Amino acid sequence: MALIVEGRLIGLVSLLIIAGSIIYYMQRAYAGQLPKLRRLAAVNQIDEILGRCVEMGRPAYYLMDTVNMDTPSVLAPTVAAFQILAYTARSAARLGAKFFVPVVQGLAYTISTEIVDEAYRAENKSDELKLEEAVMYLPDGADRMYIINHMWSDGMAGAFFIGSWYHKAVIFTENAARVGAMMLGGTDTTHNIPFIVAICDYSIIGEELYALGAYVSEDPTVSSSLAGQDVGKFIALILIILGSILLTLGISIKGLLSM
Amino acid sequence: MDSFLLGLIAGSFVSIGAYSVLIGDNPLSKFTENLYMGILGGFIFATNWNYVRTNAFNPVFQGNFVYIVAIILCVLLFSRLKTEWLWLSRYPVAVTVGAGLGLAIRTTIIADFLGQISATVLPLTSLDNLLMVIGTVTAAAYFIFTAQMEGPYKYVNKTGRVFLLAAFGVTYGQTVSFRFELVIGRLVDMLRPEVAIYTYVMLLLVALGLGYGYYTKKIKWYSGR
Amino acid sequence: MSLMDKMLALDQRIIFALLFLALAFPILNPVILPMDIQKYSRDSFEFADSIPAGSVVLIEGGLGAATYPQGGPGLEVQIVHLLQKDVKLVFFSISTEMAQWTVTAINNALDNLPSGVAAENGVNWVHLGYVPGGESGVAALANDIRSVKTEDHFGTPIDQIPIMANINKASDFAACFWWGGSEGSIPYGVRQIVTPFGIPMTGMCTTNEVPNYTPYINSGQMIGIIGGVRGSAEYEYLMGMPGLALGQAMATNFGGLLWGILVVLGNILYFIARREEGAD
Amino acid sequence: MSDRLIKMQIPIILTAIIGLLMIIEFFFPMPATITNLNITLRSFVTIISAAALILGTIVLTIYHGKKVGTKGSEWYYSIVYILAFAITAGLGVINVRDTTFLWIYNNMTSPIGAALYSLTAFYITSAAYRVLRARNWEGAILLVSALIVLLMLIPIGAILFPPVVPIGTWIRNIPSGAGFRGMIIGTSLGIMGLGVRVFLGRQKEHLGIREERRGSE
């Protein structure tokens, strides 16, 4: 019996290197050595949007679209969206913005309830929260009409489109824009990202979604892990450039990559 | 009237209700919203109840007692009904998130990370290949968080953004033509010769009703930005 | 507010109404604009056109509720096309639902058939119905039809069907048409009929699946492919038989043109407005 | 057992153990016990999701019920919801293959679903008029590539302007392909980073836990 499943050796090695460097940078941060990270403007934009909602006395919507937690490719952006929700809900509680989180899947609904409840509790504003109105389960599909109708009748002033976005991206963002809301959008799905980028006032794309999740934890040792992710990017860049030069000279590394 | 034709007519009516949301919040769209939510909610309730019954309860009755764990995890979820017990739902969540993240990591490393690298290793003998390598490298480098926006990295970041925006533009254009086909498919069904008359009558009634409502200001007209 | 600003902030409901009209109009009155025929569709059509009269071809009907609106019109026209050329057709499907939809296609095609064209069940065409077993079922069918099917879709024993008298293997057919829809079953045909028996094959799939099958086309294992509703529309166009697919393709045209015009208009207005601002 | 242990630490450790099980199974040949355990765990996940959806519909129905009971704002719409829910759920629970149940699904739910899905066409067009403007070089790139690709895809495009087909195909394959490749590489690293942070228990927002910050940036 082989020690490692065939064709997955390089995968395992790269996983170990990347995970190792992430842990390494987090450990270093514990010891006080923080990597110099670029600021993500989105962190401030969250508060800006919520502030606008408070000023206008209108609600902010936090939408996550597809949250099927039994689908791995959807789960990862959804978990990132929860991390950002935790920050946003707490900011909303602190600033006193009306906050609405419709969720289309049961498990994600339970989690969101707990996050929002916890956020208001942490800010000692539990009495301002009507949980069953702030976090609502809507059957997937029926949420489209509910949210459009309520966007118009509530006149919402701020919206967050964060998570794994599919066709609803353009429906909700365009309606929100027409209602006059200020929007922050972020997703890692390739098919509907253009609408998020083109329509939202602020947008975060691809890996930035996960990075924002780490930034808003406001724990420098957590955001230090981004430096570890960068190691993975450098590996990718070196492999592509070196591999292409070698291939031009007639040496192929593709066999090596699929070992 | 057979149930097939009746189905087409019902489908046409509810579609008009659904399209009415384009005007903005109004009584017809509210009615359709609640009708749809009710039907869909009932449908989700029934099918999932059936799923849990056949996949969790039946195995237990057949002597496969491992599934009692699954049933317990399901019951823990219902702690949502009392806020103080909410933390109990952390157990089913832990199982789901653990399994899902594990699966996501193991597929992404081979299919996305190594797969895309391997596909981008190209002989630099044509302009297309050169552009492909430059585009992929700069677009990936766009996401480097430890680099500040200064010096040569600024140009790498800008170039990466160009390629990303081109990709988004292409997807925008591609999606448009496909989405038209969706409306067309619906319209074809609503305007079938045997259904068209009902569609027109319904449309007329809706137009009269909403028109009256907006004219007398009984229904609020929202003006878009 | 100047006219320019009003135009720039056009109410979205006007755009919606325009789009509704642009999409519904071509469905109600099929206006045929000239269209560019994609190479794969033309290859597929010309292949069907080149089949000699009197030969027998095999057709897999893999269209279902979701894919029939796209491929159905094309399949119907192809049946008319082949019957007109006095080609004999043998249908089968690899799922029960699809077998039923194939009957729908045959019936619709027979309704549209010009008078005088022979289209007798059992003589000019036969529907073998559902062949179970996925790819291995196709393999069995290709090697010995009577080992998988003893009667056709309507229950007639195969040995009583005139068209089937000399037919029992894939090699007895002149060509194969694989209307795979979104079944993903086209590779079955390539692996079990084209490769072992050398029967030329073409087919149809949904638009998004076309790239999956281009390798087969490039290697010559398939002769062109009909892709989605546009492929069906092109078949109708080449046959000169405008139908539902062409109407839908024209509606896409009108919608696309409206979209393009709006975007260009938006930009022109934007630049004029910016100029005026600059002049102030 | 301390409160903190059962409320927080065990769920975190459980997440990590299950996640690592899935990863290890993929890379190393495993005895059948482990593979079977993983298969069972994955079936648990689907059962949990199904149960969660049941919970969701119950909570929603209670919400509407309360609204009717207290005559809250626009309570009459809630009656529509409750009636529709009761009829569909009732028929479906008795028999999921009931013909009326399926008729409702095929002729009411799917047309509304299809119509709502097709709303995207309208919003895409209205958004395009509003935002696809060459305000700066970024907008210009988005605008030009979208227009060319759309023209390439509609049947009349190649008649009006023949070069769109080669240009469009090129944009779709080269610059766009490269852009998405770079993005996918980044995303895959983001997922790995997320996984490490969650498995180590450094981020636990998904469990509804948010600890006080350790220090400020």
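Note that the chains are named A, B, C and D in the order they appear, and that numbering of residues resets to 1 at the start of each chain.
The rule is simple: a contact is a pair of C-beta atoms (placed from the backbone, for glycine too) under 8 Å apart; a residue touches a chain by one contact, two chains touch by 3 or more.
What you see is a predicted model; the values in this text were computed from it and never measured.
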| item | value |
| --- | --- |
| Set of chains adjacent to chain B and to chain D | A, C |
| Leading chain pair when contacts are tallied as C-beta pairs | B-D |
| Label of the chain whose CA centroid is most distant from the centroid of chain B | C |
| Centroid distance [mean C-alpha coordinates] between chain D and chain A, Å | 12 |
| Between chain B and chain A, distance of the C-alpha-averaged centres to the nearest whole Å | 16 |
| Chain A and chain C, separation of their C-alpha mean positions in angstrom | 41 |
| Cα-centroid distance, chain B relative to chain C, in whole angstrom | 28 |
| Per-residue overlap in chain A, given as positions that touch at least 2 other chains | 8, 11, 15, 69-70, 76, 79, 106-107, 109-111, 114, 117, 138-139, 141, 145, 170, 174, 177-178, 190, 194-195, 197-198, 205-207, 211, 226, 229, 232-233, 236 |
| Residue numbers of chain B (touch at least two other chains) | 18, 21-22, 24, 30, 32-33, 36-37, 40-41, 43-44, 77, 80, 86-87, 90, 92-93, 96-97, 100-101, 103-105, 108-109, 113, 117, 120, 133, 136-137, 140-141, 143, 164-165, 167-169, 171-172, 175-177, 180, 183, 185, 224-225 |
| Junction residues of chain D, two or more chains touched | 23, 26-27, 45-46, 48-49, 51-57, 59-60, 116-117, 119-122, 124-126, 128, 130, 132, 142-143, 146-147, 150, 153-154, 180, 183-187, 189, 191-192, 194-195, 198, 206-208 |
| Arrangement of touching chains [line / ring / star / complete / other] | other |
| Listing of all chain pairs that touch each other, if any do | A-B, A-D, B-C, B-D, C-D |
| Of all residues in chain C, those that touch chain D in their complex | 10, 12, 15-16, 19, 23, 33-36, 230, 233-234, 249-250, 252-253, 255-260, 262-267, 270-271 |
| Chain C-touching residues of chain D, taken from the complex the two chains share | 121-122, 124-126, 128-130, 132-135, 143, 146-147, 150-151, 153-159, 162, 165 |
| Chain D residues within the chain A interface of the complex | 23, 26-29, 45-46, 48-49, 51-57, 59-60, 63, 113, 116-117, 119-120, 123-124, 126-127, 130-132, 142, 146, 180, 183-187, 189-198, 200, 202-203, 205-210, 213-217 |
| Partner chain D, residues of chain A touching it in the complex | 1-5, 8, 11-12, 15, 18-19, 22-23, 26, 68-70, 76, 79-80, 82-83, 85-86, 90, 105-107, 109-111, 114-115, 117-119, 122, 132, 136-139, 141, 144-145, 167, 170-171, 173-175, 177-178, 188, 190, 194-195, 197-199, 205-207, 209-211, 213-214, 217-223, 225-226, 228-229, 232-233, 236 |
| Chain B-facing residues of chain C, complex | 9, 11-13, 16, 19, 23-24, 27-28, 69, 207, 229, 244, 247-248, 251-252, 255-256, 259 |
